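Shared chain: chain A. Partners: chain B in the first complex, chain C in the second.
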Partner chain A sequence: MSGKCFINGIAGISAQLTTDGDAFFDDVVEHTELIFRAIDPDYKKYIKPAAMRRMSKSVKMGVTASQMALDQAGIEMPDAIITGTGMGCKQDSEKFLENILHNDEQFLTPTLFIQSTHNTVGGQIALGLNCKAYNVTYVQAAASFEVALMDAKLKLLEKENQHILVGGIDEIAKNSSRLHTLDGHIKSEPLAVIDLLFSTSSGTVTSEGATFMTVTNDSSNKNIAEILDVTIFNQATPEEVEDELKEFMQRNSVEISDLDAVILGTNGDGDFDLYYHKLQQGVFADVQQIGYKHLIGEHHTASAFAYWLGCKIFNKQQLPEIVKMNKKETSSFKTILLYNQYRGKNHSFALLQQC
Partner chain B sequence: MKNGVAITGMGIISSIGDTVEDNLHALRSEIGGISRIEHVDTRKRDEIMVGEIKKTNDELINMLGLDTINSFSRTAMLGAIAAKEAIHNAGITDAITSRTGFISGTSVGGMDTTEKHYLDYTNTDTYHRYIEAQHAGFTTQSISKYLGIRGYVSTISTACSSAANAIMLGARMIEAGQLDRVIVGGTDALSKFTINGFGTLMILSDDVCTPFDEHRKGLNLGEAAAYLVLESDQMVAQENKKVLARVNGWANTNDAFHQTASSSNGEGAYLAMKEALEVAQLDHSQIDYVNAHGTATPNNDLSEGIALTRIFGDQVPVFSSTKAYTGHTLAAAGSVEAVFSILSMQEEIIFPNLNFETKMEACPITPQTKLSSQAVKTVLSNSFGFGGNCSTLIFKKQ
Partner chain C sequence: MADLQLELKEKIIEQLSLEDIEVSDIDDNDPLFGDGLGLDSIDALELIVLLEKDYGIKLKDPKEGKAIFESIGVMAAYIENNRTK
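On to the complex of A and B.
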């Protein structure tokens, strides 16, 4: 079996206007808080009001983004549902925890606990679709989406003619998210988020979002992009990242000069952006470099958005100025490399090719 | 029969023992590890019975040789202890290469530390090193760092089926040649969060649990960690490894019925067992022993019992739930019971379903109630969780 992996539907709910069909950062929302939320699409189109009342934001975003991706691909029933989330259903989890702590373990109700598990989004999508197929949730910090995608790719290798729903979801929880201001993950000084990529102070910002895609090994489809390969490695020094990159490119028979662009997970953390800078100034010096976290922010599954961005670039064959990180004029986009890491851990590479 | 993936090592810590050997001894002695709570600061301590590991966090720190100032949650420490035993048991002494992976399941991860320090984080920076423990993946990060695994590391959180899914993924990755060796399993420590969560669902027993009994009153929460080492046949041949058993069947399905409850006809469980038998290329008549999920909640045991009769008809194999020994160890249950399944085949014994007295009226099946000696060549093990997650693993004797 070929193990080919094509994206044939993709949707991203983010802190930008990314669910409005054709728009491609025509209007950019400039965030001024270090912790900022995703822009809500019209959930009512996808979720019945009675069901919606009980849903936390991550469930709403996940159910909606997954339905958008399925609709785009024309798939009614996926053969597997695989999700990734760093935080899980943090809002309900946090509320339940605070109720325990503030009320000395009394007056608790089950709803928050029931919805607090990390696999709630995957479970709710299955319930909504009545999908009894394979269903797994990964919680691997900044590589949560990528390990979900690797599982999907393995599924496509194991069985032919499969359509798999795979997505990444993270939501902001009022107090838990703010705790990362205390441990230095979030910057301590205010900042215009649009300037994030130039920041050199410690820490980054925090946001939320959901990106879902349908992947298939059916090449007869109207596919958007092929995911040639995706890999993760838990820990590495900047030097080791370069070695990993070399090996990754080699096993896919792709040269740096074949790349039309690289999409980087740069998040303005002065302590860790050197992982990107080393590549930007080195092997990627002559490649179009793209950033996006100054637009949609940072969270454990923010890197899933890079796939949305890659697909959009393939469709449009042009780049909005706002995502360019170096001065390059590229006129055709066929092959794009993605690289992401968070605080020197959970590194991932992926290679996308236009179909 | 499919040959499956070689298991070359295992490790476990649970309320019935700190090692595989201790666990086996307790299983053989028919002595459960269910008691009152000692180490969790909760007002529920006299209301419920749990499978608690009778060790303080300081004792666990000593067992691992960690610095006094560390960022390990109890969940991470239990995981590191069990994973270390598994690696040692597999005779792995060389540096762990990048083709070695680590896949760990957990439900609430470092919640035990989060709930302890949450209200103090803003007042003092003493415990800020624990803030990251609020992400389940951090538990895995702590363990993988301790073990020195730097390549493929992932965390699965599908509630009480997490470790079963970790074993399944590891087996699939070895089979596809993506890894040479992978440590798979799960870990969960007792926490106020889960004690109260399951409490609100009214499914915690105030006495020792009685799986599959008509008068069962609910589950005993437990804490544990267990890991297996899976290796490719090439590695086994190259290093002349002893193979303990093989994982040769697996399936993951979704009940798609309710966020927490199982369907009355056990559809998800039925589909998982059916598909796992297909993957293993086994007929249901070839299963010698079923290690059931059997949490002792009214809902699970009936639903699982019905699913068992749908698969096996009136020929349900010898089966038992070992949760009356360990309690329901949530995300770790799948790997705890994988270790027990392997021990069952190695020792040629069936571990009893403790505390069983009366058959369920709605599904009159009788679990094994006494320790018995018999040849066991294949074991089917179930793990189900919130979110409709149902997983079945099949193990076979080498």
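On to the complex of A and C.
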């Protein structure tokens, strides 16, 4: 048994035009609101109208992105569906809670309740595929996607020739965004999101999206990338993050000089970007540095998008100017490290290698 | 009665998120379930709540819904005869 974990299909619905097949930030959408939405693909191509009418944005994004990933991998029925979400189906949760308040806890309808749980997306994907296999949703704040991926990697160790659908989904909802503005997690001053990486004020922006991938332990020339390793740790000082990085690299026998690029989750929060800055100015000083949250925004599973970006870079072997964070010029991409944290917590590292 | 039928159509479209359906697409005699509007068992529960919330009609036996929700026309007639608000 190889114990390996390959990505053989991946799709991302985000606040950029990322479902347009071959495009790679050819046209960049410059968001001007601090709270911005994902760009809708043609959901009707993937979801029957009768099923879609009850779906909130996160369910539509999740079901569509998962089908796109399965199509790319040529898989009709996955052996497991594992999802990660920081906040679940917030829109329907809010509507359901509003109904409870407005109707004095009476006249509650089933649809919003059914659609408001964290595992609604995983459930709807399974219903659409008629997939009765292992189906689990992880809710672990900004490490939700990574925990889902770690579970998938463990399952791939158990049995050969498995194809597992793994995804991260989060959506915007009006009340929770309002609360995050009040508690300072979202910036208070207007900002051109494209300049987010240079921001030094407190807070960040918020957005939504869904990234799904099919992972397999089946060695095939169709595989895009191998996920060599993924790790999470909850809290750490910037110095401890560097120690964790060294240990992570050592256990994978990879040197910093072996990295062709590092994809960072920098989100313009002046209070917490120092985690990235310390690495950027230190161990990553000579590595191609890449950012993406000025394009797709921040949410609990935004880090899943870094995997989409990594795979796109492997396929294209080129880097759009818009994602470059330093002057380093790299022409060949074989090994990429991902690092993400949110507000100094839920740190994650992952190591991708081109197949 | 015609006003009530129109009102019901609007409420059903909104409540059941029938996004691609207009009021004019629903005939008063079209079956709401099955081949007509294609509603399902979850919709039936939504309609039971709608009856109670908007017209003060509480169905004691959910099985009654099968006959009451046959069509917009039948539903409107039932509401007309039983409404408390």
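Basically, the second predicted complex is superposed on the first by the 354 of 355 C-alpha atoms of A that agree within 3 Å, B and C clash if a C-alpha of one lies under 4 Å from a C-alpha of the other, contacts with A are read in each partner's own complex, and residues count from 1 in each chain.
Heads up, the rule we're going with is that a contact is a pair of C-beta atoms (placed from the backbone, for glycine too) under 8 Å apart; a residue touches a chain by one contact, two chains touch by 3 or more.
Here the structure is a predicted model, which means the values were calculated and not measured.
Student: Should chain B and chain C be called a clash or a fit once both complexes are overlaid on chain A?
Tutor: In the superposition, chain B and chain C stay clear of each other.
Student: Give one of first, second, both or neither to describe whether A:21 is in contact with chain B, with chain C, with both, or with none.
Tutor: Touch partners of A:21: none, neither chain B nor chain C.
Student: Once the structures are superposed on A, label A:49 by its partner contacts, choosing first (chain B), second (chain C), both or neither.
Tutor: Once the two structures are laid over each other on A, A:49 reaches chain C alone.
Student: Count the residues of chain A touched by chain B and by chain C, then name the partner with the higher count.
Tutor: Higher number of touched chain A residues: B.
Student: Touching A:190, do we find chain B (first), chain C (second), both, or neither?
Tutor: neither
Student: Pick one for A:108: touches chain B only (first), chain C only (second), both, or neither.
Tutor: A:108 contacts both chain B and chain C.
Student: In the overlay, answer first, second, both or neither for which of chain B and chain C A:144 touches.
Tutor: After superposition on chain A, A:144 lies in contact with chain B alone.
Student: Determine, under the contact definition given at the top, whether A:116 touches first (chain B), second (chain C), both, or neither.
Tutor: first
Student: For the superposed model, what is the least distance in angstrom between any CA atom of chain B and any CA atom of chain C?
Tutor: 9 Å.
Student: Considering each complex separately, which residues of chain A are in contact with chain B in the first and with chain C in the second?
Tutor: Residues 106, 108-110, 114, which sit in both footprints.
Student: Under the definition above, what is the set of chain B residues touching chain A in their complex?
Tutor: 42-44, 98, 106-107, 109, 111, 114-115, 118-119, 121-122, 125, 128-129, 131-132, 134-138, 140-141, 144-145, 149-159, 165, 169, 172-173, 176, 178, 192-193, 196-201, 252-260, 267-268, 271, 385-389
Student: Across the complex, what residues on chain C touch chain A?
Tutor: For this pair, the touching residues of chain C are 15-20, 38, 42, 45-46, 49, 52-53.
Student: What residues of chain A sit close enough to touch chain C in their complex?
Tutor: It is residues 49-50, 52-54, 103, 106-111, 114 of chain A that touch chain C.
Student: Can you tell me which positions in chain A touch chain B when the two form their complex?
Tutor: Interface residues on the chain A side: 81, 86-88, 90, 96-98, 100-101, 104-106, 108-110, 113-120, 122-124, 126-127, 129-141, 143-144, 147, 151, 154, 157-158, 176, 179-180, 182-183, 185, 232-236, 300, 345-346.
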